[in-house]
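Common to both upcoming complexes is chain A, partnered first by chain B, then by chain C.
Right, the complex of A and B next:
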């Protein structure tokens, strides 16, 4: 079943090293749509990434740094990248540690523009 | 957050759940409405009221699920302007419990559901097996049991 986000998510998941791409509701932490590789738990990633993004946005706002442009979390076995700021939606990518973050960032920002 | 339990094996999983999910209030009860554990409540009357309402809402939504989908609905979510609630059943070796969770914008439905799944797993592991002979939950001495449970949780004799 396709949704208005299917093409956007497929485009993100085609990037080398990307394990999962999701559109997430920032306030609810729920998956709106997702493109997941086998073994990825979309609900878990959505809940945690949305929470992380919301906390980052609130922290940036409290520090008077303005809006969050791009959020990146590097961990031992992978990285999470997220962009948002268009209503309640956040675009999240889960990638391998060795993935090219520059390319992923460009694709995420393009995807964010196409959401509006 | 203060946590009080009637069944001690519930305390550790419930405490972890409340902390991880950043819940404001949590209530674990039998499907009959008898309280098992509570977190965050300060008055016994609130626990009694919440148990009765949660039990009734769960029974209603379960029956509605049977009517429209052939089986009971699992989770129920209501959102208010400041606070939200999530009501869902947890199966254990000692039977089914209902968990009522109240949370605000410190948490989210996704987080609460995620940690609730973990709570269910932990309760399943922690639950001691049911004794073969057990009085029915809605026996004539229901009120006495209820008062004893509330007294145990709120430290009254």
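Right, the complex of A and C next:
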């Protein structure tokens, strides 16, 4: 089944090192659409990524740094990148540690533009 | 506040020459809507080019946008129009301090203090005096222990860059974050940002991607990077929006190394 976001998510998932791409509602942490590998728990990724993004947004706002756009988390065995800040939707990518995050960022920002 | 903003916006729409743009711009600035605030302030300035408070507003917005060159320009204009303007003196004192020009910082803050600026300026003045030439830039192994507020001073490259080392409870252990009025916001900023790390730990644990190494995010006003440090502490580095993310990562790495050395030496170096 395809959705208005299918092409966008497929484009993100074609980037080298990307394991999953999702569109998530920041407010409730639910998956709007996702491109996942077999066996991945999209609901869990969505809830955690949305929660992390929301916390960053609220903390930055309280610190008077303005709205959050791109966010990148690096861990030992993976990376999470997210963009939002234009309404409720956040686009999330889960990637390998060796993925080219600069390229992923550019693609995420392009994808965000196409959402709005 | 939303009602106030709405009311001021309507008043300004009815009368574009109204001075209400000062309140509207300041309210938007405090809400972090810096681009809108700047637009309002600049439109007001076009109609009131000799109004000191209008230039002061633009300067404060510029500081929040980490555009320190513009802030200096505006506050210098304020002092030409109104030589005893305390806000401009405090602002120029703050930027001079951030740029390591301690004599200038002390001069501006002295003038502000003499003009009755209040206890916050006296505290800022004390910080400047402690940080001025009498105390050398710290290096690991130096003795006696330097001011923890200057822990990252020699690593940061320009006035728009800031670094804080927070303990596990979000309290500041080292570094400094001053606002446009010379107030140290480190504790407030630290408390707000340290909450992110709890969320990050939760996410990495549940997603089974190992220990987190850093988080980086871009906001309207700044780019911010954070990394875990020893004993549950947290390093926060912020820089102007214009700072390339790769450079920010390098700054974070260098500050993390400094923090590790400092903590390893018992927090006194």
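Everything below uses one rule, namely that the second predicted complex is superposed on the first by the 116 of 116 C-alpha atoms of A that agree within 3 Å, B and C clash if a C-alpha of one lies under 4 Å from a C-alpha of the other, contacts with A are read in each partner's own complex, and residues count from 1 in each chain.
To be clear about the criterion, a contact is a pair of C-beta atoms (placed from the backbone, for glycine too) under 8 Å apart; a residue touches a chain by one contact, two chains touch by 3 or more.
Every value quoted in this text rests on a predicted model; they were computed, and no experiment measured them.
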{"item": "Chain B versus chain C as contact partner of A:51, first or second or both or neither", "value": "both"}
{"item": "Partner chain in contact with A:28 - chain B first, chain C second, else both or neither", "value": "first"}
{"item": "Contacts of A:114 with chain B and chain C, given as first, second, both or neither", "value": "neither"}
{"item": "Winner by number of chain A residues touched, once chain B and chain C are compared", "value": "C"}
{"item": "Chain B versus chain C as contact partner of A:61, first or second or both or neither", "value": "second"}
{"item": "Which of chain B and chain C A:77 touches, first, second, both or neither", "value": "second"}
{"item": "Which superposed partner A:69 touches (first chain B, second chain C, both, neither)", "value": "second"}
{"item": "Which of chain B and chain C A:43 touches, first, second, both or neither", "value": "first"}
{"item": "First (chain B), second (chain C), both or neither touched by A:3", "value": "neither"}
{"item": "Residues of chain A at both interfaces, chain B in one complex, chain C in the other", "value": "44, 48, 51"}
{"item": "Contacting residues of chain A [partner chain B, same complex]", "value": "24-25, 27-30, 43-44, 46-48, 50-51, 54"}
{"item": "Chain C-touching residues of chain A, taken from the complex the two chains share", "value": "44-45, 48-49, 51-52, 55-56, 59-80, 94, 102, 105"}
{"item": "Residue ranges of chain C touching chain A (in the complex, touch as defined)", "value": "30, 32-34, 64, 188-189, 192-193, 195-196, 199-200, 202-204, 206-222, 224, 238, 245"}
{"item": "Of chain B, residues touching chain A in the complex", "value": "105, 107-111, 113-114"}
